[in-house]
Amino acid sequence: MQELINRAKELLESGEVARVLGWKAGDLPYNPEPAYFEKAEDLKDFVYNGFCGANLSKYMIEASKLEGKTMVCLKPCDTYSFNQLIKEHRVDREKAYIVGVGCKGKLDIEKAKKLGIKGIESVSGAEMTDDCDTLTFQTIYGEKSVAYADVMLERCHVCKGKEHQVYDEIIGESKDTKDAERFAEVEKIEAMSPEEKFAYFQSELSKCIRCNACRNVCPACSCRKCVFDSTKFDSAQKANVDSFEEKMFHVIRAFHVAGRCTDCGECSRVCPQGIPLHLFNRKFIKDINEFYGEYQAGEDTDSRAPLTNYTFEDVEPSIVTERG
Amino acid sequence: MKYSYYPGCTLKNKAKDLDAYARASARALGFELEEIEDWQCCGGVYPLGSDEIATKLSSVRALNEAKEKGQDLVTLCSACHHVIKRVNDDMKNVEDIRTRANNYMELDEPYAGETNVLHFLEVLRDKVGFDKLKEKVVNPLTGKKIGAYYGCLLLRPGKILGFDNPENPTIIEDFIRAIGATPVVYPYRNECCGGYISLKEKEMAKNMCDKIVDSAEGFGAEMLITACPLCMYNLNKSTEGKIPVVYFTELLAEALGVKEEVEI
Amino acid sequence: MSHVNKVDQIKEISGVNPLKCMKCGKCSASCPSFNEMDIKPHQFVSYVQNGDIESLVNSKSLWKCLSCFACVERCPRDVKPGKLIDAARQLVVREKGQTYLSPDEVPELLDPETPQQLLVSAFRRYRR
Amino acid sequence: MSIETNEEFRPKIVAFCCNWCSYAGADLAGSSRLAYPADVKIIRVPCSCRVNPMFILRAFEKGADGVILCGCHPGDCHYSTGNFYARRRMTLLFSMLDYIGVENGRTRVEWVSAAEGVKFSQTMNEFVEKIHSLGKNVRLGDLRCKN
Amino acid sequence: MQRIGVFVCHCGSNIAATVDVKKVVEMAAKEPGVVHAEDYQYMCSEAGQAKIAAAIKEKNLTGIVVCSCSPRMHENTFRGAAERAGLNPYMVEIANIREHCSWIHKDVEEATKKAVILARAAIAKVNLNTPLKPGESRVTKRALVIGGGIAGIQTALDIADAGYEVDIVEKTPSIGGRMSQLDKTFPTLDCSACILTPKMVEAAAHEKITIYTYSEVEKVSGFVGDFTVDIKKKARYVDANKCTGCGVCQEKCPSKKSLSEFNRGLNTRSAIYTPFAQAIPNVPVIDTEACIKMKTGKCGICSKVCQAGAVDYEQKDEIITEKYGAIVVATGFDTIKLDNYDEYAYNQSKDVITSLELERVMNAAGPTKGHLERLSDGKHPKEMVFIQCVGSRCADNRGKSYCSKICCMYTAKHAMLIRDKYPDVNVTVFYIDVRTPGKNFDEFYRRAVEDYGVNYIKGQVGKVIPQPDGKLLVQGVDLLDNKQILKEADMVVLATAIEPNPDVRKIATMLTASIDTNNFLTESHAKLRPVESPTAGVFLSGVCQGPKDIPETVAQAGAAAVKAIGLLAKDKLLTNPCTAKADELLCNGCSTCANVCPYGAISYEEKEVNDHGIRETRRIAVVNSALCQGCGACTVACPSGAMDLQGFSNRQIIAEVDAICR
């Protein structure tokens, strides 16, 4: 972390960048939040550790409009989102100084809480320089250690790899934390009977409080104004609970980001209700891979997205019925 | 390579030679015909009625046994081939027949036409390859002018049997070339020999066979070959020994040099 | 059993729609048994169209068709007259219990070379 | 007097037809008097690629029991490529609906040319029959209802 | 709020017999925005249109809904009526209660219910309509004719005579097409070449006509009035400007074994060749597959003997790009392949030939110099059998479902010509029906029977059986006699079905012109617009649209020309105003829409916008309405809903959906 702060200071002081986009410590040891640092002295609040899951690439849409360059800290998986935003002309590559930060897996505090860890006072073992094998909590009830992987975010178990797709320099080491099949959860649902599928999604989606956290955090959901907030489809949010988006918001949201979603998992990470929203996006990714060939959004900035592409021999929609 | 093999009733009796030469040739060519267990007679003719189920079940049993072994099902007799291939097509494509047949059969897993049915000639053409066959010939029948007699059962209905062009087939001619002899193409080679009519209408069948034999002779055939015991029976009544009618497997065994091994 | 019923039965068993026929006669032109038949293959289609099943089931033709499928293969309209003939034959062997072949007459029809296939086929065609 | 009488299940079916092929195919079905159930109501769109998944979900939300999209055959699109995009969009949408447990067969895509009046009529008859077999659309209407 | 008028048409009894139109009027009147509703016998009639106009004026209507036949039929009629009454034509919506309702339903209650719902949907839509104004686009005063047969030549001549430039693109080395292969033409028996060649010469000499032979259309872009077409001129390897057409190269060419396309493969030609003596242009081409020089580098005799120095082995294919206002397709036909009909022994016997091959046999410039002889042994035949409907009228996937239309007449012609020239030859025709509608056609056929003694037998042939002595045994049936016939013949001629030129599929795709299940190009209306393709600016000439004989082809060629001239005569065209438009406040500038636009109509501008007080420069999509054709692909690709289609907006379609599902 110190290396990162030193470099940020250097860049700020030399005037190469006008600001630094990173994380600052929160009120608890495990809730750092995204923050801009415009002066070197502000960097005393800068943190970077296992709890810095937030994907900062979306912030660069606004940062691109500001005067001067912004130094932005991107983890390997965040760089996919950044690339995708370049492709969609939403961020200005010239306005960003990308420091690819090392990542050995990010943490889900809810998982720790589920393991019975409460009253957390401090955490160790989650620094960039740590091995990230074991995590130690100092709690008001004493010290507790758990395997790092047991408290990792879902998305880190299906890690896309330790390589940054776009960067100006890299600080810190990364680790590929993949230890699960990316589509295993989707396949599990696919194998269910229609009744089971319906029951599953009904119970999950009924938790949704339409707080829009998923939409706000999603780097692909970067529309200036969401269709669900505009009058274009007669679908603007209404008080009426029966309005269209109340039911289909998540399906349409997933459809709108299909072929653009990098599977960064932010939607599920931020959902206050714990709805596994990434299962929608990942279903589309799986279908796209199966029907139209392997495609990873954000791997490059110039390929044609699956939904703006076609071949004469594409599968017919009836495949959905035929494959049973 | 192993295939499930359905010999059929006649090959166990009057046409033992058709069967024995085929088995010997198969060994020489490096594949094995594994006779399926407890096969029952196919019935000889395909039950055309769309409501006939019971008469199709013996074929379904054979087909299902091959499916369970994960093998293609090979037939030799033209009639068995015709019946089994058509029943297989029904099981694959006619929902009503499939459902009802499966209701009778009470199999663990319903049979839905999964088995690939091949005539021995199709094995030679599509699996072994006539080029490969040619290489294995040790005793080419050079100079023999042979007329292929197809009859109707192997060819029609062309869409379902998918055996060869029903109006201008070439598979047996290609076979004849592969064993070193010269095929004689004559227009009656796909005309009916009279089939089962010869039981009661001997004259009628003879008239038909006369036309076939005359046509073949006219174009210079010195011998006729067939895959069907009934065709051979009917044709023999017409030729009266003038020109020989033999099973194609006999010539195959001869060409492969295994004819002598076979005891009939 | 009424005529209408029998017509439906024939259509059902054969799966043939006689209305598709354009009366080109290619079936009769192809039939190797044409000269032996009293009702010709193309007429089978019009007899079914006209509902005259009685004449069909009493015709000689039922027992002359070889099921060689030449008419089925060549019919440009996919009518399949051979299937109609077979369906009429089915009506006879199923309903009237009539048979064209009795076991008693079989021995005299045989010769030492007769293949099993011939007997099996004939029985299947001529009897229930 | 209301003309809405509802004794038996009469499905509501929305058919989106592209102007150049399928709408004309439907016209041909009409001029050839090839009947199909009155449950089908056609909405004319310039091209199958004009159909937004939002329209389809909206129809279900408003009580439709089946939605079918008809366009020109692939390769024959009046706008060259519209139906290719529609094909991909609908494939993914239908797959998603299947994934969340909506009965298979409530949605369908069929390519119907201007010359295929018979196919249009047949398709609609089949589709209505399918919707009858599935019954009323319940799942898409109450996906978020609390148990 | 709109003030909407609803007009329900009876269409005589076409609608009124199954739909209770009064009920539709009553129900429609209750819909929001509706201030007027009435019904009338024929809304499309002058009186009906007058009623609409009167209501617009009296009730100050801002939008109207006509419940009538398909919009494909009368949308323009009613838009015109509205415009004349001072209403924007795009404030008109049609509820199709005929084709989509009364004609397919029998139950009055059910049909009425549906008609009401269709009316509601149209009313809901028109409530959201906005006046639209068509733009204008220019017309390039030049026409392209694809195909240089009699259809293409006639169309080109007619357009050129009206004073417009025309280009003919012909795939083969010469114009002339199928007609140049015919010997005589029915029902007058003129020599085909005698009436065709002057037209070919006229086309070649016409100052307004440019002929590209040995050329193919490679790419078409643009739209009515403004097409851009790439034409590939294949290398002839002979310089057309230098060649004198002396023919020495062809005589001296040592490679003479290629089958002559012109003579249907019945004889051979040299590797450097003109297809026939009267070819236009009279410039040979080199068949690179057969040319020894091309294959081995050795030879070069043609170059050596050419005094004009016209042979150029280095010539390359050339792409010519040209702009056109109208395109006429005249790609013609070929006979079907007979591989599915081996019962007729076409592939087994040289003496079984198609009728088109017989044309070449009968022709003095053909492979037998016009002598009727067997192609197997050159013997004069004594018995000839003609078989009709080979591959036509088939419902079994082997052949074509349609009647090829020309065979009955040309077979009568062949039979007559043979009997006339060779009275010793017996001619038998096996037929299913003899179809001779046409001026003097049946008389012609009867002459063949009555004056020339041609033996017509009603019945088909089952099999043609080649005999060891070379004769052909024809096994057929005489249905009137109820007898099977075995007829020994020396030659058998098959009236082979015709099918559209296989290239038409590619061309139709390039033109986005629709094609039917038999690969014939679809006309815009079977009765009322038979020479127009549904794609604006594309016209149909000849057999590419459906089987035709020569007089019909020439008539249709002229009709297509008139339609093209009508288009070219205009200086400007009104463009469809139903185009896409981006809402600049919603646009993300993400380029997704541009990626799916087939017309390249979307570009991006850096533009300053005022988004609720926030002023900033944004990247915004801009639609070029002259290029946009209104498909709507962009509107669905756009995630934010910024892109919408005028006339078919998201809200309009959703309003229709809501009305139907209500």
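As written, the chains take the letters A, B, C, D and E, and residue 1 is the first residue of each chain.
As a convention for this text, a contact is a pair of C-beta atoms (placed from the backbone, for glycine too) under 8 Å apart; a residue touches a chain by one contact, two chains touch by 3 or more.
Fair warning: this is a prediction, and the values are worked out from it, not measured in the lab.
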Subunit D reached from subunit C - shortest hop count over touching chains: 2
Given subunit D and subunit E, the chains that contact each of them: A
Chain hops separating subunit D from subunit B, counting only touching neighbours: 2
Furthest chain, CA centroid comparison against subunit E: A
More contacts between chains, A-E or B-C: B-C
Identity of the chain that, by mean CA position, is farthest from subunit C: A
Centroid distance [mean C-alpha coordinates] between subunit D and subunit A, Å: 36
Where subunit A and subunit C are represented by their mean Cα positions, the distance between them in whole Å: 73
Rounded Å distance between subunit B and subunit E, as computed from the means of their C-alpha atoms: 48
Inter-centroid spacing, subunit E versus subunit C (mean Cα positions, whole Å): 46
Multi-chain contact sites of subunit E, meaning residues that touch two or more partners: 343, 463, 596, 637, 650, 654
In subunit A, residues with contacts to at least two other chains: 227, 233, 307-308
Residues of subunit D whose C-beta touches two or more other chains: 52-54, 58, 75, 81, 85, 89
Chain pairs in mutual contact under the definition given at the outset: A-D, A-E, B-C, B-E, C-E, D-E
Residue numbers on subunit B that touch subunit E, as the complex places them: 165, 167-168, 185-188, 215, 218-220
Residues of subunit A touching subunit D in the complex: 186, 189-190, 192, 194-203, 205-206, 208, 227, 233, 235, 244, 246-248, 251-252, 254-255, 258, 280, 283-284, 287-288, 291-292, 306-312, 314-321
Residues of subunit E that touch subunit C when the two form their complex: 343, 389, 393-396, 398-399, 432, 458-463, 475-477, 479, 482, 484-485
Subunit B partner contacts - residues on subunit E that touch it in the complex: 339, 341-343, 345, 347-348, 463, 465-468, 473
Subunit E residues within the subunit D interface of the complex: 23, 27, 70-73, 96, 98-101, 103-107, 109-114, 116-118, 121, 508-509, 512, 514-517, 522, 534-535, 578, 596, 598, 629-633, 635-637, 645, 648, 650, 653-654, 656-658, 660-662
